[in-house]
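In the two complexes that follow, chain A is the common piece, with chain B as its partner first and chain C second.
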Partner chain A sequence: MQRFHFSRKQLCIPYGLFLALFVVIPMLLILFYAFTKETDGNLSFSFSNFIGFFTSRAKLSTLLMSITIAIISTALCLLIAYPIAYILARSSFRKKNVLLMIFILPMWINFVLRITALRELLDLIGLLESQNYLNTLIGMVYDFLPFMILPLYTTLEKIDKSYLEAAADLGGNKFTVFTKVTFPLSMPGVISGITMVFMPSMTNYVVSDTLSNFNITILGKLIDEYFTTYDNWHMGSMISIILLLIIFLTMLATGGFKDNEKEARGTNLW
Partner chain B sequence: MKRFLSVFAAFLLLLPLPLTLAACSSSSEKQVLRVYNWEDYISQPSADEDPEDAAPDLIAEFEKEYGVTVEYSTFGTNENMYNELKINAAGYDLVCPSDYMIMKMINEDMVEPFSDEFVQNGTYSSYASPYIKELFEENGWTRYAAAYMWGTMGFVYNPAFVDAEDLSSWAGIWDSKYAKKSTIKDSVRDSYFLGVAYVYRDELTQLADDYAAGKLDADTYRKTLETIMNRTDEDTRSRVKDALLELKPNLYGFEVDSGKQDMITGKITINFAWSGDAVYSMDEAEASETGNPVYLNYAIPKECTNIWFDGWVMPKGANTELAEKFIDFLSRPENAVANMNFIGYTSAVGGDAVFDEMVNWYDESADSENRGYDEDGNALEKYDLNYFFRGTGNYDDYTIYISEDNLHRQLYAQYPSSSESDNVILRSAIMKNFTNEETAAVNEMWEEVKGLPIPVWAYIVIAVIAAGIVVIALTYVYKGKRKNAAPKKGYHRVSSK
Partner chain C sequence: MAELKKEEKIIEIVNVSKIFDETAAVQDISFYVRKGEFITFLGPSGCGKTTTLRMIAGFDIPTSGKILLGGKDITNLPPNRRPVNTVFQRYALFPHYNIYDNIAFGLKLKKIPVTYRNDKDETYTKMQKLTRKEIDEKVRAALAVVDLEGFEKRSVSTLSGGQQQRVAIARAIVNEPEILLLDEPLGALDLKMRKEMQIELKEMHRKLGITFIYVTHDQEEALTMSDTIVVMKDGRIQQIGTPTSIYNEPANAFVADFIGDSNILNGTMVAKYTVRFCNKNFKCVDDYEKNEKVDVVVRPEDIVMTDPDKGMLKGRVVSVVFKGVHYEITAMVGRSEMVIQSTQSRNVGDIIGMDIEPDNIHIMKKEFTVNQYDGYITKKNTVVFGDGEFDCDVTTLYPGSHLDEEGYLITADGEKIDLTDVDVTVEVGLEDIEISDNADEGGARGHIVQLIYKGDHYQYIVRTEENEEDYVFDIPDLWNENDYVSIKIKPENIHMRLKQEIK
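For the complex of A and B:
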C-alpha cells in the first residue's frame, strides 16, 4: 500500500469546503430568495422584490439616508484619519507603534459597549435628545476611525523617502511635494480606507438605533426588520443584493478591481 | 485522491455516531419535552445568586417530579419562532407565542388540540382566571391555547412632570408640552394600535359616552370597540401614518428595551409600555439605589387599551400528553407566583396562593383580619379583583385595599381595574391577526413612518456628490481626448525644431 501524502492541492480542500459552505452557498441562497416570491406556500421566480424596492417611497428614502450617512461619515473619517496617519508615519518618535496602538485601542473593546457608553456621554453633553443625525455621524466616525487610520498609516509609512527628497530637490515646496507625490502615492490606502468605512456605515444599525433613539433608519436596519419582524426573507435578501451592488459599484469606481499590481497594492491590504 | 475521499467519507460516517448513541441512551430511559419559549419567561435561578434566595428552578422541578428531560430553548420575536417552526416542524412539543401569532397558527392548522381531560379537569382549567377563560371561549381558542401571561398597554409616566389628566387620552403624547420627553415602541403592531386609537379617538369617546348613557349594552360596546381597533383599510393606514409622522418629531424616540431604563434615569417622563414592563420600571425607580426613589404611575387612556397575552400551544406532532402536564405544572398557583416574581408579568392563573401574594405585595390594611383601614384608621380604596379570581380559590371575596397614592401604580398595571368609574376590562380590545396582505400594507406604512422625512441637507449632499462624480467623469473624458491628440502635437513640435 502506498503511503498517504498530502499534496498542496489537498491542503486546499478545507478552504474550498469553507468557501463553498460559508460563501458560495449562502450567496446562492440570498440570490434565490431575492428573486422568488411566495404565494400560498408555493415559491415562484419573480422580479417583484426588485420592482417593489424601487417603487417604495420608504425604501428609497432609507437608501438615500444610508448613502448620505455613509458618505459623510467616510469623508469625516478620511479628514480626521489622514493627518493622524501622516503625522504618525512621518514622526521620528521611537515608540510610534505605541501611539498607533492608542488610536486603534478602542477597536479591542466590544463595540456595543462602546456605543452604549457613547450614548450616555452624548446625553451628558445634551446632544442625545435632539441631534439624531449628528449623534449617528459621531458614532459612525468613532467606530470606524481605526479602519481608516490603519490602511492610511501602512501606505504612508511604506512610501520611499527618496521620492520626497527627489521632489524637494527638484524645487517642490512642502505643499507641492504633498499634493504631487505623497498624496498620489497614498491613494491605495485612501481607497482601502474608504471601502472599509463606507460599506459598514451603510449597514451598522446598532449605531444609528442606539444614538438616534431609533429615529434614523438605515438599510441594515431594514434588512433586519424584514428577517425578524416583517417575516419576508425575499425582500430582505433583495435589499442585501442591492447593497452588494452598491458596494461593487463603489469598488469599480475606486478601482479596487484593477489587477495592475502597482495601483491595487494598497487595496489588497485588508 | 480517491483514497483520501474514502478516508474522508469514513470520517463523515463516524461523526454522527456518538450523537446517535447519546440520543439512544437518553431516550430509552426518559421522555423528552421540547419547550420553546420567550427569553427570560420562566422562573430560573441565575448563576450568581445565593442558592438560599434564588428563584425556584421550575424546569428542574418538573423534570424531577415527572422523571423526564426538558429541552428548553428560547426565541426573540414571534416571527422568528414561526419561521423556526416552519423549518423544523416536529422540533418542539410546546411553544409560547403571542395572541395574534396563536390565531395565525390556529388558522394555518399548525397546532394540536388539547385533550378533553385537560380542557375539563386539568390544573390549568381549574385555576385559569374566569376572565381569561371567557375571553378564550369567545374567540374559540380554548381547544388550542392555554394563556400564560397577559396584560394591557398604557403609559408609564412620572407624575412630578406629567399631568395625569393629559394622559387620560392617547392624544396626550401628541401634546407639544411633552416634546422630546416620551417614547413609543419600535414595533409595528404596538405603534399601529397607538395610531389607530389616536385617529379614532373621537369615535371611541362617543362610543363610551353612548354606553354610559345606556344606549348600548356592554357586549355591543366591546364588539364595536374591537372592530374599530382592528381597522386596517387604506384610509385608516394613511391616517395612522400621518398621525405617527406628526408624532415622530415630538418624541424622544422609539425603543425596544431601553424605555424602562430611560424612565428610571429620568431621560424621559412618558413611556408607551406593556403593563409587565411598566411594573418593572415602577419597581426599579422606587428602589433606586441612589437613595432617591422616584414614584412612577401607570395610565390607561379612557378611549381603549390593547389586551394582550402569550399562551402555550402544541405544534402538530408534539408529545401532547407531556406538554399538557407541563402547562398544568406551570398553572399550579404556587408556580404561577414563582413566575410572576421572576418575570414581573401577570399570570393568567388565579388561585388563593396568587391572591395571597398580591395582598402581601399591595394591600395596605393595618389589620389583616379586619382589612380596609390604614394605620391611622382612614378608609382605603377598594380594588375589586373578583372578576379575575372568583372561582379559582376558596375565598368569598377578592378585594385589595390600597391607598389612593398607590392606586395607579403596580397593582393597576398587573390587574386592570374593573370598577364602574374606570372599567379598563370593558374598554380593552384584542388586536387580531391581520391577513398577509394587511400585514404587508401595515408594515409598509410603518416603514414610511420610520424612514421619513429625509432632511433637506441630505438631498444637498447627494446632489453635490452626484455633481462631483459628473465633473470627475467629464475631466477624464476631456483628458482622454487630449491624450489621443498628443502625438500629433508632439510631432509638430519636433518638426518645427
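For the complex of A and C:
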C-alpha cells in the first residue's frame, strides 16, 4: 500500500481555497457590481457608476474631505510619533520596552470603546459640539498613533549605530547626522507608518461619526451608506474600487512596492 | 632634547580608564603615539583595544584620564571635531549613498580657510566649503589610491567585501586626517585577501605618511604591519615595543603565549643565572632572586633536537605534524609537553634529546598565587604530583559524577571512565598546605629551603629530594630552615584539571 504523504503542493490547498473564497471571488464580485447597473431587474455592463461618482459634487467633496483628513492625520501622526520613536530607540534606558508598551497599549483596547471614551472627554472640555473637524483629526491621530510609532521604532532601532558614528567621524554634527543618515535610513519605517495610517484614516468612519456627530462624511461612511441605507451595491462597489485605486497609487508614490534589496533596505515592514 | 621628543608625539593617552556598567574595559593605560607611526593594539577579544580606539575617535569618553592630541586636550571633544577618521570593522558604508557620495560625505561637510584680498589690498580669511570641482578631484584621487577608479556610481551592496573595505579606507583618507584609526578592518576578509590588504595598507601608510592606529587580534597581522605593537589584556597594557622586541623579549607569559607559539614552563631560580625546569638545571641570561618562581618561555624553533643521550632534556615524541615549511613535533619530557619546530622529521615514539641555548630561555617573573604541578591519577584514585601521592576527590574532574564500587568513575551521563594514569594539572593554594614533622603523615616529604616573614605569617618553600619539587605555602607557625617535614593537603583543597579529554 502506498503511504499517503503531503507534498508541498498539497499543503497549499487550504490557503488556495482561503484566497479564492475570501479574496479573489469577493474582488471579482465587487468588480462585477461596480461595472454593472440594474434596470427593471436586468443587469447590464455600464460605466454609469464611475461617471456618476465623478460628476456628483457631494461625492467628490466627500472624497476631498477623506483625503484631506487622511493627509493631515498622517502628517500629525508622523510629527508626533517620530520624536517618540527616535527617543525610545536611541535611549539606553533599560526599561524602554515598558515605555514602548505604554504607547502601544491602547491598540489592545477595543477601539469603539476608546473612541467613545474620547468623545466623553471632548464633551467634557466642550469641544464636542463645535469642533467637528478638529475632533475627527484628534480621534484619528489618537487611534492610529501606535501604528506609526511601531514601524518607526523598529526601523530606528535596527539602524546600525556604526553608521551614525561614521557620519560623526566624517565631521557631521548631530543635526547633519540626523538629516543625512538617520532620517534617510529610517525611510522604510516612515513609509510603513504612512501606509498604516493613511489608508484606514480615509475609511474609519466610526471615528468621524462618533466625534463629529455625523457631520463629517468620509469615503468609508459613503460606502456603508450605499450598501446598507440606499441598498445600491453598484455604487458602493464602485466607491470601493476608487478607494482601492487611491491606496494603490499612494503605495506606488511612497515606494512601498519596491522590494529589490538595494532600493528599499529593510523594505516595507508590514 | 626632551622638548623635541615631546613634539614627535601626535597623541598621548594619560592614565585613561573606561568603565562600562561597573566593569572596567580599560584600566589606567598610558602611552603615546609618534607622528607618522603605524601602531597596533593587539590582544584577545575583550582586552580593551577597541575601546581604546573608540576613545581616540571620540565615540566613547574616558571615565578618567586624558587624551592629548598634539599636546591639546581632546578628551571630551565630539568625534566630528577631531582630526581623525575611522575605518570601521564592518565598514559602515552608508547604504543609501553610492560610492561617490560615501567618499564625498566628509568633504561636503568640511570647511577650509580661504584667503581673499579686497580692493584696499587687505587680506582676510573666510571659512568656506570645498567647491564641487575640488571635491570631485579629491574623491577621484582617493579612489585611485584604493584602486577603484570608475566605481563612483556603483551602489554599496554591489561591491564585494574587499571592495567595500577599500571604499571605507578611501572615505577616511580623503579627509586627510592626522590619524587614521582602523578597527580590525581586515577581519571579515578571507585569508588571501587579508594578506594582500596587509601589504597594501602598509604601502598606503608609507605613501600617505599619516599616523595609523590599528586594532587587531591577529598577532601575525600585527607583526607584519606595525612599527610599534601595544599588547593588551584585560584592559591593561602588557607590553609596548617593536614587533621584533615583542617577539624576542616578551614581557610576560601572556605576551609570549599570545605572540607566536611558545612552550611555557614552570621554573624556579636555583642559583645566579641558573633556572630549573623539567627537573634539570639550565644556564640562562636573566638574573632573578634565588628560589623565585618564574615562567620559562622557550620558542618551539629554539629547541634543537639531538641524540637522546647528548641533549639536556630527553623526551618521547607523541605527535608529528607537517606544517609546510617545518615539522611541528610534540614530545613529552616527563609529564611536561614540549613543542618543537624543526625541518627534520621524527617518528612518533622516538626518544629524542633536546638542547636549548641560554639565550633562548626567556625568564619572566611570576606573580605567585598558587602551587601548580603536573600530576596523574593512580589506580587507587589518588593523585601523584610533586614527588608525593595524595588523596583526592576525582569526581571533581567531571561535574555530577560519582564512583562505583569498583572505583570507576561514572559521569553525569552514566558513562564509565577509567581514570588510571590520566594526566592532570594540579593547583594547590598557598593557604591550603600544612606541614608535620611526622614523615608518614603527609603525601610528600622535603626540607624547608626558605622561609620569609610576611608580617602576620611566614611563607615557606619546602623542596623534595627526588625531583626538587617545591611547595610554597603561608602558615603562621615558625619552623626552622632545613627541617625535614611532610606535606599535608586536604583532598578538597587539591584542585585538578584534566590535561585533555579522555576518549
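Please note the rule applied: the second predicted complex is superposed on the first by the 263 of 270 C-alpha atoms of A that agree within 3 Å, B and C clash if a C-alpha of one lies under 4 Å from a C-alpha of the other, contacts with A are read in each partner's own complex, and residues count from 1 in each chain.
Definition applied: a residue touches a chain if its C-beta (ideal position, glycine included) is under 8 Å from a C-beta of that chain, and two chains touch if they have at least 3 such contacts.
Quantities reported herein were computed from a predicted structural model and do not represent experimental measurements.
Because the two structures share chain A, they can be overlaid on it, and in that overlay chain B and chain C fit beside each other without clashing.
Contact with chain B, but none with chain C, is seen for A:A58 once the two complexes are overlaid on the shared chain. Of the two partners, chain B and chain C, it is B that touches more residues of chain A. In the superposition on chain A, A:N42 contacts neither chain B nor chain C.
With the two structures brought together on chain A, the opening angle seen from the C-alpha centre of chain A toward chain B and chain C is 150°, to the nearest 10.
Contacts of A:I72 after superposition on the shared chain: chain B is touched, whereas chain C is not. Of the two partner chains, chain C is the only one that A:Y163 touches; chain B does not reach it.
In the superposition on chain A, contact is made by A:V181 with chain C only, not with chain B.
Between chain B and chain C, the minimal CA-CA distance in the chain A superposition rounds to 8 Å.
When the two complexes are superposed on chain A, none of the residues of chain A touches both chain B and chain C. On the chain A side of its complex with chain B, the touching residues are 4, 10, 56-59, 61-62, 64-65, 67-68, 71-72, 123, 128-130, 132-133, 209, 212-215, 217, 221-222, 225, 228-232, 253. Per the touch definition, chain C reaches chain A in the complex via residues 57-59, 78-80, 84-86, 88-90, 92-96, 105-106, 109-110, 155, 157-158, 171-172, 175. Considering their complex, residues 1, 3-4, 7, 76-77, 79-80, 82-83, 180, 183, 186-188, 248, 251-256, 258, 267, 439-440, 443-444, 447-448, 450-452, 454-455, 458-459, 461-462, 465, 469 of chain B touch chain A.
Against chain C, the residues of chain A that register as touching in their complex are 160, 162-163, 165-173, 176, 180-181, 184-185, 187, 261-262, 265.
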